[in-house]
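Labels for the chains are A, B and C, by order of writing; each one numbers its residues from 1.
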Amino acid sequence: MKGESMRNDEREITLGEYLAARGVSRRAFLKFACSLASLMALPPSAGIAMAEALAKAKRPSVLWFPFQECTGCTESITRSHEPTIESMIFDMISLDYHETLMAAAGHQSEAAREQAMKDHYGKYLLLIDGSVATGLDGAYSCIGGQTNLSWLTEAAKGAAAIIAIGSCASYGGIPKANPNPTGARAVSDIVKDKPIVNIPGCPPIPAVLTGVLAHFLTFGSLPELDPLGRPKAFYGETIHDRCYRRPFYDQGRFAKTFDDEGARNGWCLYELGCKGPVTYNACATIKWNAGTSFPIQSGHGCLGCSEPDFWDKGSFYRPLSVAHWGNKATLGGAAAVGVALGAAAALAARRRQDKIVKGD
Amino acid sequence: MDLLIFARGPGMYWAVTIFVIGVLWKLAGVILLRAKRDLSEARKPSAWTGLRAILTRSWPRRAFVHGTAFSEVLGYAFHVGFLFTLVFYLPHVLFFEDMFKGLLGVNFQRLFGVSWPYFSGGMVSFFGAVAVAALIALLVHRIVNPVKRLISNFDDYFSWLVTIAPLVTGMLAYGHVGAPYQTLIAVHLLSVELLLVWFPFGKLMHTFTVFMSRGTQGMQFERKGATL
Amino acid sequence: MSAAQAERYDKQGDIPDAERVKRAMQNFVRDFGRSAAIYMESCVHCGNCAEACHFYATTNDPKYTPIWKIEPFKQAYKREYGPFAWFYRALNLKSAVTVERLEEWQELIYDSCTVCGRCSLICPMGIDIASLVSLARHGMAKAGLVPHELWAVAERGEKEGSPLGATPKVFKDRLEWLADDYEVEIPLDKTRADVLCTMSSIEIMKYPESIVATAKIMKHVGADWTFRLDGYEATNFGLLSGDADWQRDMSMKLIDAAIACGAKTLVLPECGHAYGALRWMGANIYGKPLPFRVVHIAEFMAEHVKSGKLKLKKVGKSVTFHDPCQIARRGGAIEAPREVLRALGVELREMEPTKGLNWCCGGGGGVVTIHRADALRHRVFQLKMNQIDETGAELPVTSCSNCRQTFDDGQAHFKWDKTMNSLLEMVANNLEGEAA
């Protein structure tokens, strides 16, 4: 089912026809479009406009390149217990090339890619997940004998826009963690002359990609982005600001271990290392698995996975306020240095005093 | 946020290191100066009771209250407010407990049987606001009062600044006011680091010297039976 | 005080300015150590000390803030001897002291400080500001920057043995005519005595009845006592002017005299700074514990009241006691005069504040010798008059002749209706079994 390739010269069906063929009623589709619009804080009229535009939308050419990744982003976005409209949309759009999902492989898939790039030059959307390895001239991550790096630079030239899915593509992610052996970089580190949307998260929330694509298909442009290139509609607030456990934070009620009374009462997880206050994402509102839950609700602190270098910012279980003060050895050394300098100063003062008394 | 990474990382590390070096340098440099033994016959058998001055000098004698009450009360309002926010706010408590564990190798709660208390953000904000209000009042007094104005120097004003900054930036961060939280927290941490770095070099050292000077006067005067 | 007087910066000696500054710094540092450093590091510029100082209280002039009086020396400490001195010098964070600054400060260090020590008590940091002023005077004295009259009497004290001309010869003559006139035995230069008595030049020259009083009391209690010409002058203008060498010379005379006659007790007269100089500083100057006790005459009398040897008639008057700063607050002999007053059966009415917190008379620390400071001292004196008037007591009494002299001068200036009395003389005039 997934990834059934459709060649460009066949009659192009619209998204509306595609979904209708799969049993999605107009009403359900309208509801979907309106909820998507409201997720993006667009006015109600935009929901209807979005539904109309999406229904008429011709399948845009989309190339999905997985680079140095774990496939978690793809899994998140496409996996579901029951097919969601989102996954269906992805089914529809991500057909020209999806390395992991497409049925074809080998030379055939590469030929499809090159064809799509040529046919839709300047108009295709490039979706990247995974970081770009740059070490050893990119040799750390190759597909079909060609480095991800060269794929990216080549494909970027004809792209209308690039969507970096997941923290790896957005910031370099886990491969970039100290000491970054593969020279992993974000997409935006490599491509400087195309619009790039970062959709970070490890993995990101599926609705975010849907929302960005819907916006693009409806308005022909990318939604408003924050300084880190993330859609403000989804990354405009911190987990902390929307967390349902926030009242406990304010009241000073914190869980001290994962199974103490505080934990059982659902108190704030700050002391257990939650990075919610410094993490921008929509987990606390949209949640995961069709709104089932999110890490904090399940009793584990936020890892901050939608922020750059989250893996290198210290332990997930070390509270945010515990800054790096050093350790016993360094403070001991500092104390010794301080006392030594003080003793030297006192000695100098004593010597001056003696000199004076003698000289008088 | 690069600023936050710096502030929580090398910024704090070096600030604490400089603080430790500087404080001990200052204290050792003074304590190791020549101490002269007093050979006169003491009136009191033991001068150690003079150390009570460390406590008793915490409030002026009745004859002096009238002229000093304003400064004393505001001073306490500041100190109590400041210490409350520093010591009874969970994010701070976690920092100190981590330091405690790192230096002594044992958990605070394990050692003392009770965990370090902390209070709600609202309570802490209240005390923080009291401290800030007191500091502002004290600054105004320093500028307006002719005695204080005459004897004040850079150290007085700069120490005031590095003391009020963590309070204000802390409350702004707590309230998420004026900038993204990461920025606010980074600025708060940097203000704390500035305080730590300045600490050994200015009058903030009175944190330690208060015990030394009150204790010295206490013992010197006690052995004479002089009024303390 | 005329403008010309206000602008007067007294100097001694013809020394280049740079040399003056050098000597000031050297001698400031010479005698200081850890406690002075701790004190100077601890000031937080709270300004509370001003509230305790009678000079500030009566003028509201912020320059009289006690810690401000030693500002050039506090800065010099930080710049030259503190733990971060190198930084201060390398980055010129505090400028080096100049002679102009020291001249400007002369008035603050001498004219407007009696070293009374109230500031030391009010300081929340526990800084003994008064002792720092004395230390600063060490620097000023060797730099030749002492107010002239004070320096002159100090030099006289060093060279002639008395600041007021009570040389050994004059003292001897006085003893002879007093013994004669009052028919009282006054031993002099005994080779061996249990008690060595001393006098202040103020008493010798202005209140000679004190000598008679001392003799009467010694006889009454049956003491084996003497005066000695090689050590009788209890005042120490070396201490007051800040010349540490003269201070040593003056103290050593008394110490050597006591040792020479094998005295077990050295009795200091009604003088304030004499008590601090010998009772508390003497041993440190001597370099080892003194081989004799040092007591103030009030303490001597109190001891003998307790032992029953000093029997007193009852004086049915109301009395208020002015506590001399160096004996009570700084010296610790607070109850002794009161024990004597209780034995005298007076109605004791305490001033407000009293004992260790009492206000200074304004004349101590050498201030009474500095004439350009007279107007300032008179303003301060009003505090004392108010205090005493408010008690409603008939007789003000004290146990320091410099305080007494200051009160006499104030009384004349303000035409006050009260005369200060000497505790010593009151006791001598009311000895049981003897005519006054």
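Definition applied: a residue touches a chain if its C-beta (ideal position, glycine included) is under 8 Å from a C-beta of that chain, and two chains touch if they have at least 3 such contacts.
Predicted model, so just to flag it, every value in this text is computed and none were measured.
Farthest from chain C in terms of Cα centroid separation is A.
When each chain is reduced to the mean of its CA atoms, the one lying nearest the mean of all protein CA atoms is B.
Across the two interfaces under comparison, A-C and A-B, the one joined by more C-beta contacts turns out to be A-B. Separating the centre of chain B from that of chain C, both taken as means of CA atoms, is a distance of 38 Å. Averaged C-alpha coordinates give centres for chain A and chain C that are 81 Å from one another.
Centre-to-centre separation between chain A and chain B, using Cα means, comes to 43 Å.
For chain B, residues touching at least two other chains, in rising order: 25-26, 28-34. Touching of two or more other chains is recorded for residues 81-84 of chain C.
Across the assembly, chain A contributes 341-342, 345-346, 349, 353 as residues in contact with two or more other chains. Only residues 238, 240-241, 249-252, 254, 256, 270-271, 277-278, 307, 309, 313-314, 318-328, 330-331, 334-335, 337-339, 341-343, 345-347, 349-350, 353 of chain A touch chain B when the two sit together in their complex.
By the touch rule above, chain B contacts chain C in their complex via residues 25-26, 28-36, 38-41, 43, 53-54, 57-58, 60-64, 67-68, 71-72, 75, 145-153, 155-156, 201, 203, 205-206, 209-210, 212-218, 220-221, 224-228. Interface of chain B with chain A (complex): residues 1, 4-5, 7-13, 16-17, 20-34, 90-92, 94-95, 98-99, 102-103, 105, 115, 118-123, 176, 181-182, 185, 189.
The residues of chain A lying in touch with chain C in their complex are 341-342, 345-346, 348-349, 352-353, 356-357, 359-360.
Residues 26, 29-30, 80-86 of chain C are the ones that touch chain A when the two sit in their complex.
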